[in-house]
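Two complexes are shown next, each including chain A; its partner changes from chain B in the first to chain C in the second.
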Partner chain A sequence: MVFFCKYMHKLVTLAGVSLLLPLTSQAVDLMPVIPKAKGQQCVESTDKMRRNHMEYILHQRNDTLRKGIRTPKYSLKKCIECHNAPDKDNRVAHISSKQDHFCSSCHTYVAVKIDCFECHADKPKKTQYHPTSREGH
Partner chain B sequence: MTALSIFFALLFYAAMAVFVVGLVCKIIQYSRTPAPLKIPTTPAPVTQTGVVLRMASEVILFASLFKSSKWTWIFGWMFHLALLLAFFRHLRYAMTPDSMLWPLVNLKLIQAAGQYGAYVMLIGLLGLFVRRIFVDRVRYISAPSDYLMLILILTIAGSGTLMSFVAHTDIVQLKAFILGLIYFDWQTLPADGLVITHLGLVALLMFIFPISKLLHAPGMFFSPTRNQIDNPREKRHISAWGKAIDDAEAKMTVD
Partner chain C sequence: MKQDTDMNRRRFLGQTAGVAGLTIVPGVMLYEVQARPADQAASSSVRWGMLIDTRQCDTGCTDCVTACKTENGWGSTETKSSPEQQAQWIRKVKLTDKQTGHVQSLPLMCQHCETPPCVDVCPTGASMKRADGIVLVDKHICIGCRYCMMACPYKARSFIHEPLTDQKPHAPRGVGTVESCTLCVHRIDKDGTPACVEACNAEGHKAMYFGNLNDPDSDISKHLKQHGGEQIRADLGLNTGVRYQGL
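Let's turn to the complex of A and B:
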């Protein structure tokens, strides 16, 4: 570690300069913009939902499909009805829209693929997709 | 912003500084360390291309280790391969979706392989740990730091695996924290025990990396038995300080 002493003054200068970097760095959106839900209160607290929503939905899927247990509490259909609610023209976002679809906004941000909507609808019944909300259209 | 977030932000800046400066110093030191003798382990390549290929087989496949101990090789190689997978999986926390590398990071293969690679890493590390305890001649030469380093990495891998498979954290907020460090715009760190353990130990690892046995990573490339061309007859091997003495002597004879 002799080099530490030898280059100490240069290192101190470098450290000083790097402390000024925050002044020059440009603003970036560090958090995804998450579309607001229609309802007032989710089935669990926000903290719990952010950590464990996938568990609730997955367990629900296995219980419903294999054992026939269908409880209204953790229902993907209800998630979608509240979190992808139609606007006044009865339009909703498509799952491929990372700006407008509730699920995609976070899932795109952290590179987590979701397979729910390979089978399930990503919109409530009797709604139309917003014409511009499909990515690549 | 919580006190915890500020503490971890400062911790990571300090850890990064020590890691980068320490590593650069070590690499400079290694590059200046004389290799006065021509000592490639034979059979050795006789061309520069051959040396590059030999080095690649060492770095990618751990060829020498394979020849010397199959058990150490399989566990060591499993661990290092999983480390590479984990690196690619963790990249998603350090870049935004509009990054150039995002299509790679976003690949389902990378994310899935990285996630299940956790088990490969744990098996590899446990194998290496068991080896230190149960192989007599290895236990005889094992120092406390050898065990502690394995325990440190095992705890990091274990806490990460638990977060992935058992007790999730708020990864959106976590990513915001990491990006906040990079863009100098600090964000809150989710205060889960596993996150704090994982990140705290990673910072510790960064602090001790430049003074630990983990320096085998850069050190590998400076190993004279592996990085030298086997051409002692075609080309005289002489180090810089040896040449200086030669030149001085030559000058004296002329005078």
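Let's turn to the complex of A and C:
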């Protein structure tokens, strides 16, 4: 009987693990893959940036366009230079790439549409798009 | 009326300051002309302008147009638009006197008016004039109604009809918005010169001058004082920032 109990216990655990495995892998697939930034430290802490980045760049856009204030701190150009940095072949991701572009990876996950890149460059100056990253184009 | 009063006051203050600066310490500059710091807003003490000497402008030359296209990334990007729809921030215009056969050539772009009609008609406030006289479109709030295109006497503005990719980081432009010459505002903010003027001078044509119209010691002001400069459609009283010689 003791032997049976031990056996059952193992069996249940095994079944549990085998049931959980596909669930976990699915959950991992759903999470956004955030590409790593070039720099060591962002202009604000991660939690502040996650909550308030839209406010920072909204404020900056009005200052820059209407007053000509071009401080680099909350500049969208600087965000892109750091967060969509080129690889060793000087290639970067296109905004339509839901996996590889810093902005679209998260915005696809949270289903918030952004139109910044209808006008703004989605890559730093003098870089090429990665050939595999231009999905749907 | 209010605006006129303000402008007169500004002119008066500017002139007084200029005279004071000269009389207090003759021959010594009280301040050095430097690039405006990045955190400081553009000031109305400056008015950026351009002077074009049509006598030096060759009929076949398009160096200024090419430089503008390269700098701001327009021209070859709108592949699906018809030629009438494609952007033209600056174009070469040829004038022929039918009586005498005399031909003149000149570049025509946004004239950066002191009282811009495009700003008057804009329903959202997207069409705007910066403190230093540069007329711009705030594409964040432009709804693409194109009233400004109708209002502009110089046909200086274009509408983007198709989605664009691979824009220049310093010159954002996109579908559904209106655009025009920015006087290379991104260069001016770093104490630079517009790409067209730079190209014209680099090639040795010397048909374009750029500078501060409010500063009597700037090259452009000296040229204007000595040789004069006409406005295109001066009858409209827009006080354009772009002036022409030899028309």
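Everything that follows uses one rule, which is that the second predicted complex is superposed on the first by the 106 of 137 C-alpha atoms of A that agree within 3 Å, B and C clash if a C-alpha of one lies under 4 Å from a C-alpha of the other, contacts with A are read in each partner's own complex, and residues count from 1 in each chain.
Everything below uses one rule, namely that a residue touches a chain if its C-beta (ideal position, glycine included) is under 8 Å from a C-beta of that chain, and two chains touch if they have at least 3 such contacts.
This one's a predicted model, so the numbers in the text were calculated from it and none came from an experiment.
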In the overlaid three-chain picture, which partner chain does A:R61 touch, first (chain B) or second (chain C), both, or neither?
second
Partner chain(s) touched by A:I69 [first = chain B, second = chain C, both, neither]:
second
Once the shared chain is lined up, is A:K77 touching chain B (first), chain C (second), both, or neither of them?
second
Partner chain in contact with A:C119 - chain B first, chain C second, else both or neither:
second
Chain A residues contacted in one complex by chain B, in the other by chain C
none
Complex interface listing, chain C residues touching chain A:
36, 38-42, 128, 130-132, 136, 138-140, 163-170, 172-177, 185, 189-190
Chain A touches which residues of chain B in the complex?
17, 21-22, 25, 28-29, 92-93, 96-97, 102, 105-106, 108, 111, 167-173, 175-176, 179-180, 183-185, 187, 211
Chain B partner, complex, touching residues on chain A are 1, 3-4, 11, 15, 21-22, 25, 27-32, 47, 50-52, 54-55, 98, 106, 108-113
Which part of chain A faces chain C closely enough to touch in the complex?
61-63, 65-72, 77, 80, 94, 118-125, 129, 137
